[in-house]
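Take a look at these structures.
Look for subunit A in each of the two complexes below; its partner is subunit B in the first and subunit C in the second.
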Partner chain A sequence: MFCERAMELVRELHRAAEGRLPAFNEDGLRQVLEEMKALYEQNQSDVNEAKSGGRSDLIPTIKFRHCSLLRNQRCTVAYLYDRLLRIRALRWECGSVLPSALRFHMSAEEMEWFNHYKKSLATYMRSLGGHEGLDITQDMKPPKNLYIEVRCLKDYGEFEVDDGTSVLLKKNSQHLLPRWKCEQLIRQGILEHVLS
Partner chain B sequence: MTEELDLPGQDSDAGSEEVVLTPAELIDRLEQAWMNEKFAPELLENKSEIVECVMEQLQHMEENLRRAKKGDLKVSIHQMEMERIRFVLSSYLRCRLTKIEKFFPHVLEKEKTRREGEPSCLSPEECAFAREYMANTETYLKNVALKHMPPNLQKVDLLRAVPKPDLDSYVFLRVKERQENILVEPETDEQRDYVIDLEEGSQHLIRYKTIAPLVASGAVQLI
Partner chain C sequence: MSEAYFRVESGALGPEENFLSLDDILMSHEKLPVRTEIPMPRLGTFFLDRSGGSEADNAIPQTFVGRFRRIMDSSQNAYNEDTSALVARLDEMERGLFQTGQKGLNDFQNWEKGQASQITASNLVQNYTKRKFTDMED
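This part shows the complex of A and B:
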């Protein structure tokens, strides 16, 4: 049946858990494009037959192939765009440097898209207000406490706090730190918010 | 509390009217804009004057805090207030960006067909961001797939492919200014349209499309 490969691409993303980015299915995409090429060429020759040879009985087949072509296009674009949305979400969750495990799953063009998006977002954020702008990828949750108790999950090293003093973040050490400073590190998995 | 910090009132830079807001009123306006944007299904008119004034306010507060004595209780409380304001502002701007990205072809089309003098939904920076997002995505789709497809399938009409905001979704609102004779259109063929009055202070659950102009004018507040 036509469009099976295209449907597989869509199903692959549908199966992936919310937000997860599976490896880019280059083979699958290539096979869909090949099927489209074959369908189009078959249609071209049939259209010529129908016009010059008067074979109007070919018309239903031509229409059917055209529908398959449209479906292939739609599934392909849906697959590619949904991946872009997941990649976009990564910027907001992981920051501007992606973990290498995820980068492995992205194609070179997706990486390029991501870099353009990052740049666009940075330009926008810098333009906010009059001075250095506002980093709106911070402050994702309403602030409850000024300081929060955090436990360090991995060795991180020196970490500078507001008034110039610095704190040594060693694995398993616990600290009382300003909430907004810790947000980024909590998201990266270096610190853990301790709820007593 | 903010009186102690000796902040000046803010002037709107819109040019046509001089509006002086106290800091408390400014934060109120920000919170109203934030709630409206959160609950409205479509992108609302941009309020960059509020954004600019709030950022200036945060700047003032930060400078004052730096000059204040360390360990003073006032410092913690003001810092807390600053964090709350920063959260609301960030959340507001994030909400707008999310909608811009979600409906990007429609947002840009609306901007393109906007008449002279009509207020824009997008700030100049948001417009630039939207254009870049569209160009980036179109280029990507073209290079990775579309240009390898048969000649008659190399274009995708983004205005048809990307869904529009659902203006028929229901929203909660509180009435700030009394409204009379609001026409409520029927949803199904069996219903007929009818007219309602909105009393000041009353709360309603209603289709967004019916009251969209009232949100823009400030006559109702989405909650």
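This part shows the complex of A and C:
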């Protein structure tokens, strides 16, 4: 049946647990486009025959192929769009530098899109709060304190605090640090927010 | 679960499907038995098997209500338990419903414990860190 390959793309993405980005299925996409090309060319030829050869019995077939083309188009666009939604989420979850494993899952165009999105977001954030700008990717949960207690989950090394001094983030060490400095590291799984 | 991923919702509860909704595409892929009223030449082997017209099934809404009630009940009362027995016989959409119920329950429990303001590691990052080690072992 037509559109099977396109449905596989949709299923693949639907199966990926909320938000996870599977590798870009370049082969699958190419096969869908090939099927669309074949359907289109067959229809072109049959339309000509229906018009000039008086073969109006071909019209149901032409309509059927056209439906399949539209379905393929819908599946492809939905696939690409849903991937972009997941990629957009990555900026908010992982920050502006993506883990290399993820980068290999994206096509070149998707990477370009991500870079544009990053820039748009940065421009927008700079425009907020007068001349200072505002990092809206911080404080995703309502903050209770300026300083928070954190425990280090992995060896990270020297970490510079505001007044120039630095702390050594060694596994299992605990520190009282400014919230805004730690938020990224907590989201990356390097620090753990300890509640007293 | 990624908190920043907002997929295109199904239009099933509204007047029509959402073009870009993966759920709607899968839902509209269900097969119906049909009869070919007019011949469609040149489509090859696709139309060799024919069947009669389809029959409406009035039991479908009833079944759905029953299953939905059970899912809601179990998802709202299973806290910090092994839920594999509960979800084993559910299909994809139902599992999604169950997860939504569990998330609501967990969020509420977190809030009760005063953990609503605790910053947590991103699930997405944790999953990718795990996978990296698996790749290295191959």
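The criterion applied here is as follows: the second predicted complex is superposed on the first by the 189 of 196 C-alpha atoms of A that agree within 3 Å, B and C clash if a C-alpha of one lies under 4 Å from a C-alpha of the other, contacts with A are read in each partner's own complex, and residues count from 1 in each chain.
Keep in mind that, in the parts below, a contact is a pair of C-beta atoms (placed from the backbone, for glycine too) under 8 Å apart; a residue touches a chain by one contact, two chains touch by 3 or more.
Just so we're clear, the structure is a prediction, and the values are computed from it rather than from any experiment.
Student: Using the superposition on subunit A, tell me whether subunit B and subunit C clash or fit.
Tutor: fit
Student: Here's one for you: vertex at subunit A, rays to subunit B and subunit C, all C-alpha centres; what's the angle to the nearest 10 degrees?
Tutor: Spelled out: centre of subunit A as vertex, angle of 90 degrees.
Student: By the touch definition at the top of the document, which applies to A:M36: first (subunit B), second (subunit C), both, or neither?
Tutor: After superposing on A, A:M36 lies in contact with subunit B but is clear of subunit C.
Student: For A:L69, using the defined touch cut-off, is the partner it touches subunit B, subunit C, both, or neither? Pick first, second, both or neither.
Tutor: first
Student: Looking at A:G19, would you say it contacts subunit B, subunit C, both, or neither? Reply first, second, both or neither.
Tutor: The second partner, subunit C, only.
Student: Looking at the overlay, what does A:H131 touch: subunit B (first), subunit C (second), both, or neither?
Tutor: Only subunit B is touched by A:H131; subunit C is not.
Student: Could you tell me if A:Y81 is touching subunit B, subunit C, both of them or neither one (first, second, both, neither)?
Tutor: both
Student: Have a look at where A:P142 lands relative to subunit B and subunit C in the superposition and call it first, second, both or neither.
Tutor: A:P142 sits against subunit B and subunit C alike.
Student: Closest Cα approach between subunit B and subunit C after superposing, in Å?
Tutor: Subunit B and subunit C, overlaid via chain A, are at closest 5 Å apart by C-alpha.
Student: I'd like to check the shared interface: which positions of subunit A are touched by both subunit B and subunit C across the two complexes?
Tutor: 77, 81, 88, 140-143, 179
Student: Touching subunit B in the complex: which residues of subunit A?
Tutor: 29, 33, 36-37, 39-40, 69-70, 73, 76-77, 80-81, 84, 88, 107, 109-110, 112-113, 116-117, 120-121, 123-124, 127-131, 134, 136, 138-143, 146, 163, 179-180
Student: Give every residue of subunit C touching subunit A within the complex, in rising order.
Tutor: For subunit C paired with subunit A, touching residues are 1-8, 19-23, 25-26, 29, 38-43, 46, 92, 114-129, 131-132, 135.
Student: Once bound in the complex, which stretches of subunit B touch subunit A?
Tutor: For this pair, the touching residues of subunit B are 51-52, 55-56, 59, 70, 76, 79-80, 83-84, 86-87, 89-91, 93-94, 97, 101, 125-126, 128-129, 132-133, 136-137, 140-141, 143-146, 148-150, 153, 156, 161.
Student: Spell out the part of subunit A that touches subunit C in their complex, as residue ranges.
Tutor: 1, 7, 10-11, 13-15, 17-20, 42, 46, 57-58, 60-61, 64, 74-75, 77-78, 81-82, 85-86, 88-94, 99, 101-102, 140-144, 148, 179, 182-183, 186-189, 192-193, 195
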